[in-house]
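You will see subunit A twice below: alongside subunit B first, and alongside subunit C after that.
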Partner chain A sequence: MFPTPIERTQPRTRFAYKVFLPIALILWLLPLLGVALTSVKPAADLDSGNYFGAPSRIAIENYWLVFKNSNIGYYFWNSIKVTVPSVLVSIGLSLLAGFALATYSFRSNLIIFFMIVAGNYVPYQILAIPVRDLPININLYDTTLGLALTHIAFQTGFCTLFMRNFIKALPNALIESARVEGVSEWRIFCYIVVPLVRPAIAALSVLIFTFVWNEYFWATIMSQSVDVRPVTAGINELSGEWKARWELISAASILTAAPPVLMFFLMQKHFIAGLALGATKG
Partner chain B sequence: MAKVKLSGIRKSFGQSEVIKGIDLEIPAGSFCAFVGPSGCGKSTLLRMIAGLEDITHGSLEIGGQEMIDVAPAKRGVAMVFQSYALYPHMTVAENVTFGLRMANHPKRDTEQRCLEAARMLKLEELLDRKPSQLSGGQRQRVAIGRAIVRNPDVFLFDEPLSNLDAALRVEMRAEITRLHAKLDATMLYVTHDQVEAMTMADMIVVLDKGMIEQVGSPLGLYHEPNTLFVARFIGSPRMNTFSVNLCDAGDGNVSCMLPGGSSIQLDGSSLRTGKATFGIRPEHLDVVADGHLQGKAVLCERLGSETMLHVDIGLADPITVKADGLTNVTEGDAVGLKLNPKACHLFGPDDRRVRSGSLQ
Partner chain C sequence: MKPVPAAPRRRRKRLDLTPWLFLAPAIMFFLVYVVVPIGQSISISFLEWDGLGEKKWIGLQNYQDLLKDEAFYVSLKNNLIWLVLYLLAIPAGLFLALFLNQTVTGMRLYKSLFFFPFVISNVVVGLIFSWFYTPDFGLMPKIIGFFTGEEIAVLANESLATYGIVAAGLWPQIAYCMILYLTGLNSINPELVEAARLDDAKGFKMLWYVILPQLRPATFIALVVTVIGALRSFDLVAIMTVGGPWGSSRVLSYFMFEQSLSEYGTSMGYGAAIAVVLFAIMLVFITMFIVRMIIQERTA
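Showing the complex of A and B:
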């Protein structure tokens, strides 16, 4: 059996396992634990210098106060307005593009595919200025649409790479057999390809949702107003408003991190099935 | 039912030409098998008829109509794929009726045809199952059912049985033959298994390197192969071939110098002298004490009904002899082999037939 169960290894290995695993776990989770702990500390604790100790009482009201004392409710709504369309559109576009790249042989097929792959390796930070200038010129700067379009443009490439390879792994005979039966290409796409790549769609949705929701760079560059700013950038604003109120910032951070985690657990089954399916060619 | 006519068909993938000019006429209602070694272009040819591959050059007629620029769906063909190509997310019934449903075919008739096909293929109990819940043979039957409901003029089978185990293959062979009789449609069948071709087809097309080697009935190909390739390809175990020297023996006979020094007189050879390839099937060699050929048995494969003897007669490869199942020859024994002159084939230096060993 591989890997060898830990109970059957040498005592030395077992000892090292028992010592290092908890250490690694604590190191890994420390920042998150710190934030979680701070988020339930009463303001008085932090004022009196109790930064790293246990809270004097569980101040769950921080999670209410953050909504009451800031615009975070708007920011959450802004994030949803940006993330959901970004996920839907980039997955929709990449399904179409992936289908074309995987099933049609046309002259520039590979060139286009390689350009999409290569595009994924361009560090997006170097594009900050032009990508900011373009929406300014076409009056989309500081709008939800502008931010969503930016995300769609940056995520579709990766999605297309993923989808193209996934669709390529479907047996070609399925598509050919439908063609001989006289099914139109659009219907082949809708009735055969899309149902069969559902695991990939689920997996990719979770990934892109997480990417876009957690995104900070474009969120700060492309938005300014309260009506547009997503929650990741919004928290940044909080630290300016309440320099000393770390407990509220922590509570906001925990709230912000929740949706992707929730999404992951909801879709976990599909997500893992999707990864396995892609690897073994079904 | 429609006749299929190919004229001057060529196909190139980039620089390499895989089909090098095929002229063929398949009569309506016949069962035509394309056989040949892998890479001979038989599947490509079938896919060109289906419309899945472009035809680089030439003309294709189905039922008297030019089909080069016609979409696959409009050619009146249905294809059964080697991998079955069942849609995994649909039930058997949905699989079978998919094409009709997508074409907005009347619902009542769609169901009717589905039930009819299911009855014909004994799939009635399985209509609600998904393909993953079916055995290989059942999946194959669903794939055939999907072709039947479309009521095509021409059925195209691309190695449909090669994923099945031996027993199932025999069963499906009989089933497809029965279907052919019942449906009265033209069937084109690609296989690399010559047993399938021999047992099912009424017309066999032997292909090699993108060209037709010979077209004929199963027994015609077996008894009168036009070329050395066909002679070796049809028949199992394959025909023994070795090179001989011919000299004119007068009276229309030639004398062949056989390995080991003896000779045999054959009539009716169009080549009189020089080098030729001699061919004789394993079943036309008799084990005798003193025959035309002398050798040593190096391997005895006892199959029960018969025994395959591999006899070393001093050539690079031993020759195969089909002997009686109860023969007492064992490995290491010296054996003499008698040739039946009526079964001796001769092929000239261009590998074309100069004498037929058709037993006539």
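Showing the complex of A and C:
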């Protein structure tokens, strides 16, 4: 193990490490802690210049006010309506594509695979003008479906990369022997491959959920109305309206950050497996 | 006996078509949302077009205008600053990973808390840092004030705004690189490390000659996601400064957005030309990365 395990060092080093660790964490999360603290300060505290001290009381009502004074409830619901189908469909499509790329050898296999990987890394701006026009032409502009379709298209790329590598690493013998037995490809896919890739599905679900929930660029350019706007685009708008009401902006920020954070804590191990393959956000 | 070639041939044919059936939906999406739009954007970059009215072919005019546009050079320069400073996330992430690669009680929780910034939306990161930098409310001006005696509003300062945004971007990016290295450190061959220890290798020498070579896959992925992330940066600029003050913190992606996609932006051709430039720059990196991945794939 590197660096040397702390148990094997001198007591003094060990002590210093244990003291410094929480300090480092607090410093690292300082901006976030500040916002969390601000989010529970009564407005009067901020008005009277108590920016850094402890709140005079815990003002949970800020969170309530955020919902009351804004459309954030709608925005949350919109985010769910966009995120959940995006996760399901992009994983479904990538299962199919990943299976094809991992278990068949045909001439253009690698070309297609690397095209998809490359597509994953292009800047959104080179796509934005035509992609924004796509739903306009079929009357899906400013709808959750239109936005979800866009997310599906972009997330399927990374999901396919992930699935293909995962399926490729499965023992090949099972699929081969099923083929020799004459089992149809569709049944092989449904009854052999899908059950084996459950961990990959779990990993992608958390990862794609986080990415789509957090996404900002498409959210701003593809949505306008209150019943379509996802929370990332919505909250930025609110922060403009609320100007210096930092207690409200902070509370709204914490609320927006919460769902992916919860997801991450519930399914940490899976989440990290996905990142190791080079997922890029936004 | 007559040969019966028909059966095997039919079987091969079936196998030839099946992968395409499985691939079809994903490829359809890919063509409609990625491949075709790239072609369309390139052709739009030769037009004068407000997005609704008539399209007028003007050849390379948009690109010539771009070369004369002060804002273009500002954006290009800022993209370069982003790229160079963003790369710091890699050594910083490695450092954090080394610091956290211990098995003290509660270590798992520590690691996930350090990873926190990556899980949060860029929008929230942007808002958090805007607050952090705000004069009066924020901590940062106080800290600067403590050392220099003068409180500076980072985001309102033309020469500092970009650095302030990059610092905000580094926060989640360091967390990402950290997690990549923590995963990498997990799969290091302990025998090699012990053997090197017996040879009295330690500290930096050990890191450089024994550990880092084994971490190369992690370093490669960290490099890919950091370079791509730096060049694609959009969210934080949009949220923290909207390109200001006076356009000083624009990057190409945001400049394009301003020209073609924002409330007042209706120059599709000009925006497309900016996007093509950004795309061309990124294509250089993407190609390098893909070539390396192909070589890896071939040798694997």
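General observations
Methods note: the second predicted complex is superposed on the first by the 245 of 282 C-alpha atoms of A that agree within 3 Å, B and C clash if a C-alpha of one lies under 4 Å from a C-alpha of the other, contacts with A are read in each partner's own complex, and residues count from 1 in each chain.
The definition used in the following text is that a contact is a pair of C-beta atoms (placed from the backbone, for glycine too) under 8 Å apart; a residue touches a chain by one contact, two chains touch by 3 or more.
Just so it is clear, the model here is predicted, and its values are computed rather than measured.
Judged by the touch definition given at the top, the superposed model places A:Ile152 against subunit C, while subunit B stays out of reach. Touch counts on subunit A: comparing subunit C and subunit B, the chain ahead is C.
When the shared chain is aligned, subunit C comes close enough to touch A:Asn236, but subunit B does not.
Touch criterion not met for A:Pro11: it reaches neither subunit B nor subunit C. Of the two partner chains placed by superposition, only subunit C is touched by A:Trp246; subunit B is not. Shared-chain residue A:Leu93: touches subunit C; no touch with subunit B.
Shared-chain residue A:Phe189: touches subunit C; no touch with subunit B. By the touch criterion defined above, A:Leu29 reaches subunit C but does not reach subunit B.
Judged by the touch definition given at the top, the superposed model places A:Ala178 against subunit B, while subunit C stays out of reach.
Put simply, subunit A uses residues 282 to touch subunit B in one complex and subunit C in the other.
By the touch criterion stated above, subunit A contacts subunit B in their complex at residues 171, 173-174, 176-184, 187, 191-192, 195-196, 282. Against subunit C, the residues of subunit A that register as touching in their complex are 1-7, 17-18, 21, 24-25, 28-32, 34-35, 38, 46, 51-52, 93-94, 96-97, 99-101, 104, 106, 109-110, 112, 114-119, 121-132, 134, 150, 152-154, 156-157, 160, 185, 189, 210, 213-214, 216-217, 220-221, 232, 235-236, 239, 244, 246, 249-250, 253, 256-257, 260-261, 264-265, 268, 272, 275-282. The touching residues of subunit C, counted against subunit A in their complex, run 15-16, 18-20, 22-23, 25-27, 29-30, 32-38, 40-41, 44, 51, 98-99, 101-104, 110, 112-117, 119-124, 126-132, 134, 136-139, 142, 171, 176, 179-180, 183, 185, 188, 190, 193, 202, 206-207, 210-211, 218, 221, 224-225, 228-229, 231-232, 234-235, 238-239, 252-253, 256-257, 260-261, 268, 271-272, 274-276, 278-279, 282, 286, 289-290, 293-294, 297.
For subunit B in complex with subunit A, the residues that touch the partner chain are 50-52, 71-74, 77-79, 81-85, 87-89, 98-99, 102-103, 146, 150.
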